[in-house]
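Two complexes follow with subunit A in common, the first pairing it with subunit B and the second with subunit C.
And now, the complex of A and B:
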């Protein structure tokens, strides 16, 4: 027996319904960027903030033409140094917990904390569970960025992995435009404990 | 059950069918290939593909690549950089190419090198290829060898991350046999550009193809003996 006209109609409607549901699911499901995005933890300057495996307090931010680090390093740059003083520790696990992400984001441009000072910076240093390490991060920025419009809404991003996807990312808003450019800053060598 | 009526073929159609069955497969394949080739020829498929020659620049010229702007100005030989622990094998010296590098993208870019094993052979690549500069025509070096280390000239740090729009002066270092490479030799430096294939679909981040040479320049080797790079 050949299928009746009603059966064709029901089959057609069912097919259209399934396709519409699939289209809605496809267009409303979180895309890959959202699925894998870091879990942003809003923090403020001077206040402690905690993520899954990172606990940090950003004490101060300064801008200078030259920096002298605790090990005597005084690298020069064609731009300016943004020096961040912070305390940071791991929370649950210190295996593989380095301060891998220390990024200053100004507008859509990101600058990573310089590893040029060697052991005088806490950038990329291994963290310890429950014991804070206090020290500086140095960022190398072009001179004109500090006075640009985006400088007022810059942010400092910290995470315990060089790849912060699907893990906590502490985000500290920083107003670089409000900071006066100092000639030289002396920073201390990283030390244990919170200053 | 409805009867499916047998189709009635005309006589001429039957004969065509039989002829087609007897046609050798290779003839068919050849014919199809010829048609495809012909169609592509109509749209310019057989034209000579243009090969863009890499620009030849002078020492000190600024070359803007897609991500990095490079100014190579000097090449010299030096015994070692003991403070940076860049010390060549016995019988070798260091060949240093000095360049100012500016990152024109909006994120930091790590410049990687090919470290040598203890026997002096390049260690097998595990991560990103060195893809900024390489030297050609230096005896004792394989063709187009990436540098063994890259140093920031200002402070000698060896993990080079070029920050966006902050030009930095770098030393690209190769190990060369001291008897074969002498002051006054001419070397060829190739500037490379990496090519983004696509944003990864299954993997995260961009996928890059092999670096391509976008410019080359000739440098005459200087020699500073044991030290003092100026």
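And now, the complex of A and C:
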């Protein structure tokens, strides 16, 4: 019995449908970059947020012309300081756990937390499991960046790896444009334990 | 009335005619799946970076070039006088675990085993937590004389591993100390605490 014209039509339609689905799957499946990208965890100012091996709360953000760190270091800059006060701890493991990624992203530009204040910022201290370390992060930014349009949609990114791919990345939106520029800020030395 | 429709296949007849093929499928399919799973699982276990060699509380275990056991474990509460003397962070305790080491030999370099000790908490609903011996938190006051293994002592000795842990650690969970000797990896000793 030879196939009828209808059978040819049905077979052809089925083939086109399968090829179409395959094309959609192929073009919508995650590529290598997306597969290896950080797992972004949306966080908000003042609220705790957790990732695989990081638990953090950003308490406040301020902008100042100069800062005086808890170890007495006085920071002057040609730009401005963005001072972030936060609590952070490791969740499961303290081996190699430090705040490897502490980045303030403004538009397409990212600024790493300064290590100029030495041990007076949490950027330089190893974390421990389940015990919070509370203290400042200090970012040195050009003055015009803080007043730019992108400053209103800046974000603070935190992770326990310097390379946060395939790991949690806490992302806290920060409106830098809404912050008053203060003359000087005195910040506390990082402190362990419940505040 | 009466006779079966000509050409219809009766189930019993079909099973009988295909019994050899069905038997082969019944044997070969589970065997194939079994071999594939076994192969993958064996590879998975062989590629583990480490494997615990467990010891119950109070038990002595042979591991590396020594015998190991937990002699004592003391918990210093953060809000106690001793805790304040060590300047423990608020909401934390200090767990001091005395590990007894009885060297039974030396490594290729002629020295006894160096080691690292970690505290592991399991049995919680959340993920397992671990802490390093003498982690990043600096403590005040006089600490123990020896906090890790010695590569020179050939007679039995003890060392005190110190772990600063959250106050809830070990309250509704089990704690054990993991001893790692690099030359003995991927095995590591896992000594349970009381």
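A few comments on the model shown:
What we mean here is this: the second predicted complex is superposed on the first by the 164 of 195 C-alpha atoms of A that agree within 3 Å, B and C clash if a C-alpha of one lies under 4 Å from a C-alpha of the other, contacts with A are read in each partner's own complex, and residues count from 1 in each chain.
The working rule: contacts are C-beta pairs under 8 Å (C-beta built on N, C-alpha and C of every residue); 3 or more make two chains touch, one makes a residue touch a chain.
This is a predicted model, so every value here is computed, not measured.
After alignment on the shared subunit A, the placement of subunit B and subunit C results in a side-by-side fit free of clashes. Contacts of A:18 after superposition on the shared chain: neither subunit B nor subunit C is touched. When both complexes are overlaid on chain A, the residue A:193 reaches subunit C alone and has no touch with subunit B. In the superposition on chain A, contact of A:130 is made with subunit C only, not with subunit B. Within the superposed three-chain model, A:39 lies out of touch with both subunit B and subunit C [touch as defined at top]. Between subunit B and subunit C, B contacts the larger number of subunit A residues.
Legend: residue contacts after superposition of the two complexes on their common chain; A:91 is shown touching subunit C, with no touch to subunit B.
Contact with subunit B, but none with subunit C, is seen for A:114 once the two complexes are overlaid on the shared chain.
With chain A fitted onto itself, subunit B and subunit C come no nearer than 20 Å, counting C-alpha atoms only. Within subunit A, not a single residue is touched by subunit B in the first complex and by subunit C in the second. Residues 91-95, 125-131, 191-195 of subunit A are the ones touching subunit C in the complex. Every residue of subunit B that touches subunit A in the complex is listed here, in rising order: 2, 106-108, 152, 154-155, 157, 159, 161, 163-168, 204. On the subunit A side of its complex with subunit B, the touching residues are 2, 36, 73, 75-79, 108-112, 114-116, 118, 139-142, 145, 165. Within the complex formed with subunit A, the residues of subunit C that make contact are 78, 88-92, 127-132, 135-137, 164-166, 168-169.
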